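Pasting the structures here.
Two complexes follow with chain A in common, the first pairing it with chain B and the second with chain C.
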Partner chain A sequence: MTTAGPPGVGASAAGRAARGLLILLALAVALGPFAVLFLNSLRPADDFLRPGAGLVPDAITFAHYAEVFGPGSDTLRFLANSLIITTATTVMAVSLGALAAYALARLRLPFRLSLVIGLAFLVVRFYPKITVALPYYLIMRDLGWLDTHAAVILAHVSITVPFVVWLLLGFFEELPREIELSAMLDGCGPVRRFVQIVLPLSAPALGAAAVLTAFLSWNEFLMASSVASDAAKTLPVRVSSFITDKGTAWGPMSAMGTVIVLPVMLFALVTQRWLARGLTAGAVKG
Partner chain B sequence: MAEVTLQRVAKSFGRVQALYPLDLSIRDGEFVALLGPSGCGKTTTLNLIAGLEAVSAGTITIGGRDVTRVAAMEREIAMVFQSYALYPHMTVARNLGFALAVRRMPADQIAARVRRAAGVLDLLPYLDRYPRQLSGGQRQRVALGRALVRDPKVFLLDEPLSNLDAVLRLQTRAEIVRLFRSLGTTAVYVTHDQAEAMTMADRIAVFSAGRLLQFAAPLEVYLAPANRFVAGFIGAPPMQFADVVAAPDGVRFGGMTLPCAVPRPPGTALVLGLRPETVELGPAGRGLPAVVDLVEHLGGLQIVYLRCGAATLAAQTGAALRYRPGERLGITVEPSAAYLFDPGSGATLAAPGLSRP
Partner chain C sequence: MTEPPQPDPGARPPHRRLGDTPVLILFLLPALFILAVAQFLPLAQSLWISLHDWVLARSPVMGAFVGPGNYTRVLGDAQFLASTGFTLSLALASTVLSMALGLGLAVLTTGEGFRMKLSRTLLLLPMVIAPVAVGTMWRMILAARVGPLNQTLASAGLPAPNWFGDPVLAQVSLIVIDAWQWTPFVMIVLAAALTSLPAEVIRAAEVDGAGRWTTFRLIVFPLILPVVLLVAMFRLIDALMTLDIVFTTTGGGPGFATQTLSFWIYQQGLRYFNVSYAAAASWLLLAACMAMAAGFLVWRHRVMHWQRWER
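What follows is the complex of A and B.
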């Protein structure tokens, strides 16, 4: 008779194989689209519409990258826009969000107002963004801010701040209050308490919030495309303009898509340990 | 060093009265324990003295200075928290010196003070470690040390031993007593452990349900408790109670009479309290008849729980004799050892400490 151990401990060969298969399947689902994108970016232009073309291109070319980054192309300008907007959004959203979350976590508001405000922040994330895209366009037009970095940054900050608040609210609530009381008795005012005690202790959570905010801003398409037509255009918006009424430029589009996705993947790989720690912080006391 | 005075201090959270108006006068250099079950108002009192909570009414003075409206950081007090509340991202040395650094003391003076405190508390080998690299006892000592380096007027300690295991707790208890005797600084110590309060404090303030019931020296609280609650809370094993009726020559219960002085007319309903260490066990037929219910062996001594009529009593005796559940015994009590309480108010009517001249 075999004893039924906990799953994963001393599992049979068949069980291990099944588990391996499941992981491979998950990997395929996660990485498959990127693999197709990457392979297409290397595919010669005439191979795209050839009947019977396989998933893997017959020949490899770097012509699309040359075209995307070549002389006379605007790609570097759009890359710079993306970097500026992502950086500014991350700094502003995390700073604002951290302050708001800390205040909500520490103020003793009556009628459970902290919870209500916290939930309101969450609700902001539920409705379709398209409902605000048009009014936002009109506001920016009237302000004369169309096609400026500020317009895109403001949109991105407003999208990401609620997310940052929600993430950090839980973290700050878990942060032992007595440590701050102790700092208070040690003579620290509110600012010093926040800077010297709370911030260093929240570094993992702030890091996680920053990384996720950066991803959101870097990838965001709808708001950026509605207010940025050229000078403040970001890479995701640029990608969409490869689809024209004269046809779709598959090769250059795939090349630029790879350029957008690659840094995100590398960044995620580098920060993943940190990210996991920040997202689960508070669940396990350190 | 300073005396601490609370005058008509009260605290309410919304409609909940956490602390009823309270007068407490702590002398300079005194070690006072605030004792009571959880939710009794002892920690609230400590937080009010610290300035972590604002009073709803009343006045607090420290060293003759009215600090009722003074911010916590300017009250010149140091507090040790139950959870220690060490700064996890700072080394032991920085934890100890942080308050001094905040007050802009020169670095060499900070280092000297930190080393002195670390020396007193056996922390010198750990100055470069982080709190997570320390044992529970070491963390507790860092928390104490953080208060020590401040050289405050008053130490406030909120159950500093409750996170330690039993052996370490006894050891640390003795160390803290020695430390504070040598410092001679006023200290207020919150605890729910009556043994800690009895052994450490110069005076004990017993709280229940937001009220101060008694504030006196440990033996006085023990021998002359202000009421039934204090009598039952102080002493281990605790005092046992029985409903009795006053008689001319003592108190009657279950057809038996326990001789003692009764300050009430015969026929009055009373509550009798007997401390286990004053109940003598003997052979059946001598004194009041009783049946052994349960025996707890504690090594050097044992506690025998007895049924005596409708009442449950307890006796604490040496470990030499063996008692079995169901065994019939006789119990005797010195008349002067009997406590009597008013059944309604719980007020003490007779107690060994009260009958003394």
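What follows is the complex of A and C.
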């Protein structure tokens, strides 16, 4: 769009300057806390309590990272758990969600069943997960799945698959059907049509769905903390218990926070186009 | 939520061909199965448990049927009522704050230039990181003695309050933290809505001599109102479920001042194992969330209906 700026601001030179200043202020407020976290993770322990210590530490130390990752710490194990669970969740949620969304986009079931199933996916977005967490814990206990990767992955897939379905449903419905139709007339079944025609055309939407799913799973706390106590513990669960069992160990806490935040920030900047698309479509449609 | 797809009555769609439907139903089943097992079954179970007497610490199996007993007990529990009050204030205040800031930022950063796109991407970052990490960051910033905020205030000769030590300040802090994290969500969705507006309409208004503020108030805002209502609904419902940031900031304190409903239910259910009691409280929260969602969707439907009728 080439309209001259947004309605309401930026008409004059003074307006443009005010607009730039406001955006800079917003950037400072949005990014400042990240700076505090990163800088504190490099700050020597005795610098924290020094009166008048500035935002930027006087010296830089990697001791907190050494402590967090050092021998006897479980951080690497929890990091591996987070990576395994996020990867498995993303693969499963996107593939199963894509299948379901395609079916919903092409099926016409009797008794408005398509609508009912679509709403079943939608409604997951609207109730508190705390209602599910407790009985889910009990079900996993009865299955003997407590503290397994599978228990966390199943929970994460069930939370993220609705986002995938609603994001892709809108996309599949807008795909032109002529190619699929002519493929069908050539005797091409629904599986081949889906794999060879629909999926290649949907790469951007699938990417958006995958990025959104990965974020949701990597950051998820409640379900993971209900069923994973040690062997399948993820980074967010570890971070949440940091305060109680270490007092206020600012340095290690910042290092731990950086470990969970920095990869996501970088990932967000790399995948920004898909991310914005996933967040908006996921929100507006789901 | 978009309108349900309208079947095209003219064309005979490809899926009508015999043999497709069973395969497509098979496509649907795995996702539905996972949803049923990991969401709807626990939901139903939670409702069932809430009607019984069960303290997991005392017994590994569910006790006697007590009907609505847990619900009446929960509704008479002072801590439940207090956390309901705080949850409502948090949800309302955080929604209003993030809606106002997010709309402002969406308008400010409109444009397809490199700088605007970069600004939007950077402004997005608070919402993509884990809420528990957001809590950790803000806990450090607001730390009474060593936090950068209080150090700045002190060096400027201003009073440096103990943010998480005072009940009201702690509540305000949580509202600000929640709004900080989710303002980008409002911004990004409304920015998309603003970008999709027809440029001619706005230009026509400006040609007619309408100022920018008038154009925004009378043309742009009404056009994006359905999206605004949708975003407000998501914000309100999500804020009603706030849990993660409480763990890494105040832990519900000081006292019980910043216990959200989800946090209180978590403590009751997964820490003290008052299973049926927590289940009853969680269904009350669920009912409130559903009622809010329904209310907003009806409101939005009326607005859209009214707009169509106006035209």
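Observations on the structure shown:
Criterion: the second predicted complex is superposed on the first by the 240 of 286 C-alpha atoms of A that agree within 3 Å, B and C clash if a C-alpha of one lies under 4 Å from a C-alpha of the other, contacts with A are read in each partner's own complex, and residues count from 1 in each chain.
Quick note on the criterion: a residue touches a chain if its C-beta (ideal position, glycine included) is under 8 Å from a C-beta of that chain, and two chains touch if they have at least 3 such contacts.
Keep in mind that what you see is a predicted model, and the values were worked out from it rather than measured.
Residue contacts after overlaying the shared chain place A:201 against chain B, while chain C stays out of touching range.
Contacts of A:176 after superposition: chain B is touched, whereas chain C is not reached. Contacts of A:219 after superposition: chain C is touched, whereas chain B is not reached.
In the superposition on chain A, no contact is made by A:252 with either chain B or chain C. Looking at the shared chain after the overlay, A:186 reaches chain B, while chain C stays out of its contact range. Counted by residues of chain A touched, the larger count belongs to C, out of chain B and chain C. Overlap of the chain B and chain C interfaces on chain A: residues 181, 184, 189, 286.
Of all the residues in chain A, the ones that touch chain B in their complex are 176, 178-179, 181-189, 192, 197, 200-201, 286.
Per the touch definition, chain C reaches chain A in the complex via residues 1-2, 4-5, 7, 13-17, 19-21, 23-25, 27-28, 30-32, 34-35, 37-43, 45-46, 49, 105, 107-112, 119-134, 136-141, 143, 145-146, 148, 151, 155, 180, 184-185, 188-189, 192, 194-195, 199, 202-203, 212-213, 215-216, 220, 227, 230-231, 234, 237, 240-241, 243-244, 247-248, 251, 261-262, 265-266, 269-270, 275, 278-279, 282-283, 285-286, 289-290, 293.
Residues 50, 52, 72-73, 77-79, 81-83, 85-89, 98-99, 102-103, 132, 146, 150 of chain B touch chain A in their complex.
Within the complex, the chain A residues that touch chain C are 1-3, 5-9, 11, 19, 22-23, 26-27, 29-34, 36-37, 40, 48-49, 51-53, 55, 96-97, 99-100, 102-108, 115, 117-118, 120-122, 124, 126-139, 154-155, 157-159, 161-162, 165, 170, 173, 177, 180-181, 184, 189-191, 194, 215, 218-219, 221-222, 225-226, 235-236, 239-240, 242-244, 248, 250, 253-254, 256-257, 260-261, 264-265, 268-269, 272, 275-276, 279-280, 283-286.
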